[in-house]
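Worksheet for the structure shown next.
Going by the order they are written in, the chains are A, B, C and D; count residues from 1 in each one.
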Amino acid sequence: MIDWGTIIAGLLTLAIFTFLYGDNPIYRFAESLLIGVSIGYFLVITWQNTIVSLLIKPLVSDGRIGLIIPLGLGLLMLSRFSSRLSFLSRLPIAVLIGSGAGVAIPAMLDARTLRQIDATIAPLWTDGGLAIGTIVVVLGVLTTLAYFYFSRAQTGSLGRISQIGIYFLMVFFGTTFGYTVMSRMSTFIGRMEFLLVDFLRLTQ
Amino acid sequence: MNSALSRRLAFAGLFIAVTVAMLIPSEGDVRVAPETRQLYEWIDSIPPGSQVIVSFDHEASALPEIRPLALALLRHCFERDLVPIGVSLLAEGTGIGFALMDQTADEYDKTYGEDYAFLGFKPQFIAAILSMGESIPATYPEDYLGTPIDSLPAMVGVTTYDDVVGVLSIADGSMTTHWVEYGEARFGVPIAGAVTAAMITSYDPYLASGQMVALMGGLRGAAEYEQLIGIGGGGSRGLLAQSVSHLYVLAMIIIGNLLWWRARRRKGKESV
Amino acid sequence: MLVPLTAWIEPDRLPILIAAIIATAIVLYTTYHRRSRDRYRMRPIQGLQAVEDAIGRATEMARPLLFTPGWGGDIQRPTTIAALNILSHVAEKTSRYDCRLLFPTHDPVIMSVAQEVGREAYIRTGHSDRFQADDFAYVSSSQFGYAAAVEGMIARENPASVFLLGTFEAESLILAEVGNASGAIQIAGTDSTIQLAFFIVACDYTLIGEELFAASAYLSQDPAILASVRAQDIMKVLIVIAILTLLIIASTVGWPLESLSAP
Amino acid sequence: MRRKLPQIIVAAVGLIMFLVYFSGHPTAQRVNQTILVDYWQIIFAFTLIVGVIGFARSNLQQIQRGDGRFFRIVSLVGLVSMPILALIGGINAGSPFVWMFDHVQAPMQATVFALLAFFVASAALRGFRARSVPAAILLLAATITLLARSDVGGATIAWLPETAEWIRAHPSMAARRAILIGIGLGSLTTSLRILIGIERTWLGSER
């Protein structure tokens, strides 16, 4: 039996790879199809998991009348299609933005600030001598923070300190670049595995 | 050399190098990084029968890296008789996560609904994480297949994060950050991450501060984990091609720098 | 109605509440204390001139300008808000010079808000007739559907300048490399730290992390936004002082408390 | 009114969400749940519908105008086919909807992702120059990281993996931590500005 799924997947894979030579109609066909299908997929999944499971079912079968309010707010979004009424869509957007900001404040303070300060603090020297690792971390955190100080020109001693911060940043970018190369290569190898093993059957 | 040509040459070289490396069979042990061992030991220490949330926070595109990671972890979970509860913060993780759980459950003769469950996707990840912290049944009145979750034995006794051992986030992006910043910070649920190699350094401060209990990443991490649980898989394959590709990129950097140096020297001479 | 306070407040979250109150006080002070606000000067961020040049270039070449906020963010993300602030500035310029502005996004909410921001900028300059709402388009929520769409747009519309400002994930290098190959001037800025290495390599100018927030303040010269940059700097100074003090305590007498914040 | 009311809503909802963070009281939890699940999620679903309609409309207009007609039609067919398939066969394993995802969407997406490997190679050839001290540091860190994680036939330099791990756990982590703190503060002040009502960009035009 012909495995149409693998054949189609293989051809579409090759179609995307043609972009490496340059933009062309084959790639553009694949791209257009991908955009359409991916929007359709997301729409279906969101419809099923949100509109049906969180709105229609509880409203119709459990009679949760309170859901009329978010339903109404959601419907206000549709006012965007009228230029006269589109300001109404600001109300639901206001709910999204307001709640997002409200939950972000404590989360940012806790997870990103207090906990990270806390983790930076450790004795700089112990009975065994200087704690080199801790000292490097402290130096890195402080000098990099200095680089992100915008209220004064980066000259004089602040300039020198923030220059050290740049060196730390570069170590981070370098390490990250290394790991990202690994990731990207893994993905490519994965696609090649599909092409060589499943599609062309060149190897096991 | 003009830039379009050099680009295409660089592309062609990568194609050839990787293809050749993949056609050569290779095997061998790898050195296990400490962070991979840490994750292994964390899962190994969980008492059998405990529920653990496995969150498939990735899209289909990262599958080559995600799949071996997810399979190795799920196998370990099932082998230890843990009860994984699958969720997803990204729509595409839904179908993939369900298929991966299904596949590994079969290998260990586990029954859906009793030994594991899959709740599916909720959009707007921050809202999803926070509302699960208040009540999982209210966030997911039914599972992915449409069964009411109070009828699933696997979900018995699970109402909030307090009732699970932790969250294992399998991610190709920054979703694990949201688990840390909203799930851990607010509800104190332990977070472990299995992420693509590219993402791993961005989580280092969270691992160092204890906001994450464990972290491993990449195809290489998957290979190490496979070695720890003694089951070969996608991570161990392709390791040679992986190493070759790293060396190829290093070669590109060196060639680029040599060309640039030469051009600069020539320019320097002309101006003198 | 007498309820014990502890029933309502979790004691272990108090440090965060205190920190939030301090932060609010600092923001209010820098925003509303007029005298100190008027005296405040932010240091110019290197290369912001590049933003103006990029807009000028698109006009001269009569080619569009493409601005995209990346795949990773949603409207609640401050990075997105900062990017939209910059968009407002860019849109004002493009409306004056009648330069086409393309804004593809992966998020329908961002699309709605960006349309509002764009329209507002065009109205401000008196060119509302030039505003094209359809150029502020939702393309796909899927990461690589979005990447493919923007990549195709860059290859075909051939924008003279590309602005990649916002939250980016793996799609960053695809967009930056395609833009680079097309010869566009590229300005990137993101708080997604892993992508920065790639932006630094492939783009003409890159705003690193917080510089994006600062750039939005500097470009708009909006006193309220400048005030918040200053507020952040004050907080940073407090953090540095706190770290140094606590380090000395921890190294000499030992740190008495188990942890600063909630577990 | 057109600007005031949204601002009041933002401030009210934001303040509520901020305050419930500090409370474990059942009422607070219920409020939290209502806003997060009922409001946030449901409103988002509707904005998605708006986005999809906008996408379809702009494609239809372009089809009428005649630019890229064929490709626009392909997009629209792709878009419409997924809900139709879902209606016919459901969305569970084995359905045509899932088949489309597995054999059309997923492979293409993974391949777009795989293009990155090539862009990494060309960026490495073209962009990574040891022009200055910072650039040289970046290159050195990248080289150590990559070499430490490539062992061809078990051959590695003994000290390399440990050095790479130390770099990642100390200097690299420190810089990342400072970035995290900085961005945390940036996010914090932006959120505060939104709640206080100083930040109004999102409101857009006066009309």
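Everything below uses one rule, namely that a residue touches a chain if its C-beta (ideal position, glycine included) is under 8 Å from a C-beta of that chain, and two chains touch if they have at least 3 such contacts.
A quick note: this is a predicted structure, and the numbers were derived from the prediction, not measured.
S.K.: Taking CA centroids for every chain, report which one is farthest away from subunit B.
M.R.: The most distant chain relative to subunit B turns out to be C.
S.K.: Which of the chain pairs holds the record for C-beta pairs in contact?
M.R.: A-D
S.K.: How many angstrom lie between the CA centroids of subunit B and subunit D, rounded to a whole number?
M.R.: 16
S.K.: Compute the distance, rounded to whole Å, between the mean C-alpha positions of subunit B and subunit C.
M.R.: 28
S.K.: How many angstrom between the C-alpha centroids of subunit D and subunit A?
M.R.: For subunit A versus subunit D, the centre distance works out to 3 Å.
S.K.: Which subunit C residues touch at least two other chains?
M.R.: 13, 16, 20, 23, 74-78, 109, 112-113, 116, 139, 141-145, 148, 151, 170, 173, 193-194, 197-198, 209-210, 232, 236, 239, 262, in rising order.
S.K.: Any chance you could list the residues of subunit D touching two or more other chains?
M.R.: Touching at least two other chains: 18, 21-22, 36-37, 40-41, 44-45, 47-50, 52, 55, 101-102, 105-106, 108-110, 112-118, 120, 122, 124, 126-128, 138-139, 142-143, 146, 149, 168-169, 172-173, 176-177, 179-183, 185, 187-188, 190-192, 194, 202-204, 207.
S.K.: What residues in subunit A touch two or more of the other chains?
M.R.: 16, 19-20, 28, 31, 34-35, 37-39, 41-42, 45-46, 50, 54, 77, 80, 89-90, 93, 96-97, 99-101, 103-106, 108-113, 115-120, 138, 141-142, 145, 148, 169, 172-177, 179-185, 187-188, 190-191
S.K.: Which label fits the chain touch graph of this model best, line, ring, star, complete or other?
M.R.: Contact map by chain: complete.
S.K.: List the residues on subunit D that touch subunit C in their complex, please.
M.R.: For this pair, the touching residues of subunit D are 18, 21-25, 28, 44, 47-52, 54-55, 57-58, 61, 105, 108-110, 112-113, 115-116, 119-120, 122-123, 126-128, 138, 142, 176, 179, 181-183, 185-194, 196, 198-199, 201-207.
S.K.: List the residues on subunit B that touch subunit C in their complex, please.
M.R.: Listed in rising order, the residues of subunit B that touch subunit C are 3-4, 7, 59, 61-62, 91-92, 124, 126, 172-174, 185, 188, 198-199, 201-202.
S.K.: For the complex, give me every residue of subunit C touching subunit B.
M.R.: That would be residues 72, 74, 76, 141-144, 169-170, 181, 192-194, 262-263 of subunit C.
S.K.: Provide the residue numbers of subunit A that touch subunit C in the complex, in ascending order.
M.R.: Residues in contact with subunit C: 16, 19, 23, 28, 31, 34-35, 37-39, 41-42, 77, 80, 89-90, 93, 96-97, 99-101, 104-106, 109-110, 113-115, 117-118, 120-125, 138, 141-142, 145, 148-154, 169, 172-174, 176-177, 179-180, 183-184.
S.K.: Of all residues in subunit C, which touch subunit D in the complex?
M.R.: Interface residues on the subunit C side: 7-10, 13-14, 16-17, 20, 23-24, 27-28, 31, 75, 77-79, 81-82, 84-85, 88, 107-109, 111-113, 115-117, 119-120, 123, 134, 137-139, 141-145, 147-148, 151, 170, 173-174, 177, 191, 193, 197-198, 201-202, 209-210, 213, 224-225, 228, 231-232, 235-236, 239.
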